[in-house]
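Once you scroll down, you'll see the structures, which are given as C-alpha cells.
In what comes next, chain A is part of two complexes: it sits with chain B in the first one and with chain C in the second one.
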Partner chain A sequence: MGIRVENLCKSFGTEQVLDGITLDITDRSFFSVVAPTGAGKTTLLRILAGIESADAGTVYYDGTEMSDVAVQDRSVGMVYQEFINYPSLTVRENLASPLQVSDENYSAEEIERRVQETAEMLKIDHILNNLPEEVSGGEAQRTAISRALIKEPDYLFMDEPLANLDYKLREQLRSDFERLFSEQDTTVIYATPQAGDALAMSTHIGFLHDGTIIQKALRDEIYYRPRYLPVAEYLGEPPMNIVPVTLVQEPTSTDRHFEVDDDTRIPAPGFDSLSPDQEYHLGFRPQDMQLSDSGEASIAPTLSFVETVGSTSTLHMDFQGQEIYALHPDPVHLETDTSIPFVLDPQKFYVYDSEAGDLIATGSNIPSFS
Partner chain B sequence: MKQRPWLFLLPALLLVSISAFIPLITVMNYSQLTLLPGTEPYFSGLENFVAILEDEAFRAALGRQVIFSFLVLITEIPLGLGLAMAMPKEGPGVGLSLVLLGIPLLIPWNVVGIIWRVFTRSDIGVLPAAFDWFGYSYEISSSTFDAWWTVLAMDIWHWTPLVVLICYAGIQAIPEEYYMAAKIDRASPWKTFRYVTLPNLRGVLIIAVLLRLMDSFKIYAEPFVLTGGGPGSSTTFLSTYTSRMAIGGFQMGRGAATSLIYFFIVILISFVIYIVMLNLGQGAGGDQ
Partner chain C sequence: MNKKYYLILFLVFILVPIYWMVNMSFKPNSEILNRLTLYPHEFTLANYKEILSSEFWRAGYINSILMASMNVVFVTIAALPAAYAFSRWDFRGDKHLFFWFLTNRMAPPAAFMVPFFILYSNLNLIDTYWAVALAHCLFNLPLAIWILEGFMSGIPKEIDEMAFIDGHSFPSFCWNIFLPLIKPGIAVTAFLTFMFSWVELLLARTLTNEAAQPITVTLTRSLGAGGWDWGVLAAAGVIAMIPGAIIVYLVRDLLATGFSMGRV
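So, the complex of A and B:
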C-alpha cells in the first residue's frame, strides 16, 4: 500500500538533482519531504505525481508500477506554492470543474453536494460566488486545496502550499491541515523547507540531502533521533547546536569531558562507549540550555542579540565564530556582547562522528525508537 | 511647502501642454472658424460640424474606416494569438522567431507602402504575375476588391507581429502550474485554452486590441502610398479624407472639425471596447 519509490534518479544538464532515491510512503500518512530550497523537493514531487519523468528508477502506487500512467489517469491532486485556480470561474465553478470533466459522470446534485461539503470543510462556503481574484490569499489557497481534494484523490501532493501566505494564515492553515488530513483517507506528500511546518503536521518526515533521502522516519523519531548531522542541523526551530569537541579522559579519575578548548570543558558522564582522544560533533538543543545561576558554566558563548516572541526568548549567540541558539521560556534582559554562562544537560546530548556525520551516541534522556 | 508637489509636476505638465493640450485647444478654436486662404477668418459656430456630418464623402470614409478596423481586429488578434501560442517557449528558436517577427515592425509606414507598391505593380510586381499564373487578373488600380484586400493584407503583414509579441509576453508570464492543474483535471486542449490561456491573457489582449484599433483607425501613410485612396475613393479612410479636406482643399476650419469628430469617435469606440473586454467572461463563465 502507499507509494514505493526505487532508485529514482534525475538530472538537469550536468546537475544531478535526485541521486538514487528509495522510499516507502505509508498509506494514509502525512509525509513531509524537508530540505532547503533548491534541494530537489519539487522535482521529487513532480516525478512521484507523474508530471515529470525520471531518468532512472521506478514509482509504484499500491504495488502497481506507474511509469506508463499519465498524471491525468492517476488518482492524484496537486497544490502549488502559487494559488492556482481558473481565473474566470467563480470559487464554486472552480471546485466543480474537476468533477465536471471527470469520466465518472457525476450528477448535478452530486456535484453540488460535494462542492458544499468540501467548501464547508475548508471554510470557504461564504465565498463560493466570488472570483479567485476577489478573495484573500488564504482563501485562494483553500480554494486550490478544495479543487485538489474534491475528487477524493488517493494521493495529494502539496508543494510548499503555505510559502506565499503571511505568518498568521500559515499558523491557521497548519492546524487546519492537521485536523483535516487526520480524518481523510488521502495520503499526503508535502514538500517544505520549513522544519516547523513539517514537525507540526506530519506523521512521517523524510530529509532530502545531496539527492537522496538520508533519513525517513516517524515525526517524533526523526526529531528526537536525527541520524545524521545535516538532519540535526535542520530539523528544529531554532535548529540543534553543533560544536566540534574532543573527548578527554581525566588522568586522575574516571571522569570524562568534552573539550572545546582550554577554557571550555563540558562534563561527559555516561558516554563510556566512546573512545577518548577522538574528535566528535556534540549536539544539544536550544531548549536544553539552562542559564547558569552559580556562575559555573559548561559553555559561555557571547550574546549577539535576543529575539523575543510572546513570552519566549531566542538568544542568538556567537561561540568561536559559530552561531549558537538558546531558548528561554521567559523574557530575558541580558547585555549583548557579554559572555553568557550556560549549564548543559549531558543526558540530552547527541554525539556525531566527526567524519561520517552519523549519530553514534545519545544522552540517557533522549527517547529511543525501535 | 504646499506648492512643492506642483513643482515636481511642472515639467510633465509643460510637456503635455505643448504636445497635447495646446494643439487640441487650437484645433477646437479652428473648428469653429471659417478659414479660407486669402480671406479674414470669421466665427461660424457649429456650421463646420453640421457640414461634415452631412457630407456623403465623410460618412463613406467613416464607414470604410469602421469596416477596415473591424477586419483588422478580427484577423490580426486571433492570428497573432495563434502564432504566439505556436512559437517555441525556449531554445534557439525563440530568438530567431522574435527577430523574424520584429522585421516588419522596424520598417517605417511609408516604406511599407512603397514595398507593397512595387510588389503589386502591374508591370513588374510579383503579386500580379503570380495571380496571372493562376488565371486571376489582379488589378489594384482598377479593382476595388483587389485594392481593399491588398491594403488589408499589408496591414496584417505589418502589424500582426506586434500582436504576436504582446501575446507571447503574456503567455510566457502564465505559470506552468496552471497547465499542470488543467491536465490533472483532464481538461481538453480547447477548455485549457478557454479557461487557462484566455483569462490569463485578458489584460494583455485588451492592450493588443486597443492598440490595433487606435492604430488602424489612424491608418494613413501605407494606403496613401499604395493606392492613393483609390480606385476612386474606395480606399479613402478617415485620415486621408481629413488631410485632403484641410491641406488639399484648403479648408482648415472644416479639417479641424473633422479631426475633432475623428478624435471623439476613436475615444468612444476604444472606451466601449475596453469596458466590454474588461467585463467579458467574468463571473458568468458557467458554461462548462
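So, the complex of A and C:
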C-alpha cells in the first residue's frame, strides 16, 4: 500500500521544477512535503493526484502504475490553498456532489446521512443550507475538506490548506487535522512551507530542494537528524543556527575547538572523528543556547530585538552579519545592540561538511535513529 | 442639480424618435403628411390591423424570429466549446487565433456580401433561413467566443480539477457545475447575438428574396403602388422593437449580473 514515485521529472519551459524524484509514501501515514514557496510542492502534489502529467517518471498507488488512470477513477481527494467549492451549490450540495457522481450508486438517505456525519465532524452542520460565498473563510475551507473526505478516499492531497486562514483558525484546524487523520484510513499528503505545521501534524516529512526530495524520514528523525544543511536551516521554529567554523587542534593539549574568529572559540570535545584545520558548518538549535551567568561565553552575538510570545522569548541576534536565534523560556529584558554571552552545549552540536553540506558528525546527545 | 437637467435633456433627445414612431403609428397617413401634431388627433388602430392581418408583414416577423433564434443556437453551441478551449488550454498559436477571430468581427458586413451571395447561390441556400442564420454567425461567433472566454476565465481552473477529482465526468461537470456558473455570460451572449441578428439588414437583404425575408427587409420593401404607407411602416417599426424589449425583460437579472462581470 501507499504511494511510490520513481524518477519523476517535470519542467515548465526552461525551468526544471521536479528533477528525478523517487519517493515512498507509507500507507496511512501523514506525509508532509516541506519546502519554501515556489519549490514545486504544488506541482508534485498535482502529479501525484493525477491532475497534471509528468514529463518522465512513474507513480504507483498500492503497487499499481497510475499513468493511464484518469483522475475520476482514482480514490483521491484534494484540498487547495484557495477555498475551492462549487459556488452555485449550497454547502450541503457541495458535500453531496462527490457521492452523487460516484459509481457506488448511493441512496438519497445514505448520502444525506454521510453529509450530516461529515458536516458534524468538521463542525459545519449549521451552514449546510448556505452558499459558499455566504460563509467565512474557515468554514469555506472546512467545506472543501469535508467534500474531499466524504467519499473516504485512499489518498488525500492538501496543498497549503491553512495558508489563507488567520492564526486562530489555523491553530484550530491544525488540531482538527490531528484528531481527524488519526481516526481515518486515509493516507494524507500535505504540502506546506510552514515547518511548524509539518512538525506538529506529520508522521513523515520529506524536504523538497532543487527539484528532489533530499531527505524523507519519520518526523522526529528528520528533526533531530537533518541530513543536509538546507533541511537543518528550514525545519524548526525558529530554524537551526548555522555558523561557518574551522576545527582547531590545541598545540599543547588534546583539546579541540571550533574557531569562528580570534575572539570566538567554541569548545569541541568529542568530535575526534573530524580532521582538524578543516572548515565546517556548525549547527545548534536556538533552544540549546544558554544565557551565560558567569560571563564566560562560547559565542557572543549582538542582540537586534526580542520577540516575546506569552512567556517565551525569541532573541533575534546578529553574529558577523548572520542572523542567529535563541529561545528563552522566560521573558528576558536585555539591552539591544549589546553583545549577549551564550554557553553552547557541544553534546547538541551538528557538524556539516562545508562544501557538500551533509551531516558528518553530531554531539553525543542527538538521537541516532538507526 | 444641473447635472440632472442635462440627463433629462439627454433622455428626451434619445426618446424623441421612438416617441415619434409610436405617435405616427396611431395616425392616419393624411395626418402624418399634412400636419405636424405632437399626439395623434385622429387616433386610429388601422395601421396595426393592416399589419396583423397581412401575410406579407406577419411572415417578416416570423422569419426574423426564426432566423435570429437559429443564429443564437448555432452561435451558442459553437462558441461554448471554443471559449472553453481558449480559456482553459494552451495550444500553439492560441493567442493569434483568438485575435484573428476578433478581427472578423471588425470587418464591415458589406465586404462579405458578394462572397456570401455567390457561395449560397451555389449551395442553393439563397432565400432560406439557413443562409441568413449562418451568415450572421460570421459576426456573432467571434463576439460570443470573446465574451464567453472572459466569463470562463473568471472561474478558477481549480474548480474544473476539483470536479474531476470528485468524480465528475466532463459532461457532468459542464452541466452540473460549469454552466450554472457562466449562466449570466450565456444570457449576455445570447442577447447580443439575437439583437445583432434581429437588426442586421445588409446581408439579410442580399441573401433573401421573398420566402425568407426578415422584418428589417420587409420594412425596406413595403413601397406600395400608392407610395410609402408611413403609418403602417411606423406600426411595423413599433412591433419590431417588442421582441428585444421582451428578451431584456425576461433575462434582466442575468443581464445585470452579466454586464458587470467578464468582458462585456
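Here is the rule we use: the second predicted complex is superposed on the first by the 370 of 370 C-alpha atoms of A that agree within 3 Å, B and C clash if a C-alpha of one lies under 4 Å from a C-alpha of the other, contacts with A are read in each partner's own complex, and residues count from 1 in each chain.
Methods note: a residue touches a chain if its C-beta (ideal position, glycine included) is under 8 Å from a C-beta of that chain, and two chains touch if they have at least 3 such contacts.
Everything numeric here is computed off the predicted structure, so don't read it as measured data.
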Looking at the superposed three-chain arrangement on chain A, would you call chain B and chain C a clash or a fit? clash
Under the stated touch criterion, which partner chain does A:Ser102 make contact with: chain B (first), chain C (second), both, or neither? both
Have a look at where A:Val33 lands relative to chain B and chain C in the superposition and call it first, second, both or neither. neither
Would you sort A:Thr90 into first (chain B), second (chain C), both or neither based on which partner it touches? first
Just checking: does A:Leu131 make contact with chain B only, chain C only, both, or neither of them? Give me first, second, both or neither. first
The clashing stretch of chain B against chain C, among 3-11, 21-29 or 39-47, is 21-29
For chain A, which residues belong to both interfaces, chain B and chain C? 51, 71-72, 76-78, 80, 82, 84, 86-89, 97-98, 101-103, 147
Within their complex, chain A touches chain B through residues 51, 71-72, 76-78, 80, 82, 84, 86-90, 93, 96-98, 100-103, 131, 147
Chain A to chain C touching residues, read off their complex: 49, 51, 70-72, 76-78, 80, 82, 84, 86-89, 97-98, 101-103, 147-148, 151
Contact residues on chain C for chain A in the complex? 156, 158-159, 161-169, 172, 176-177, 180-181
Which of the residues in chain B end up touching chain A in this complex? 175, 177-178, 180-181, 183-188, 191, 195-196, 198-200, 202, 281-283, 285-286, 288
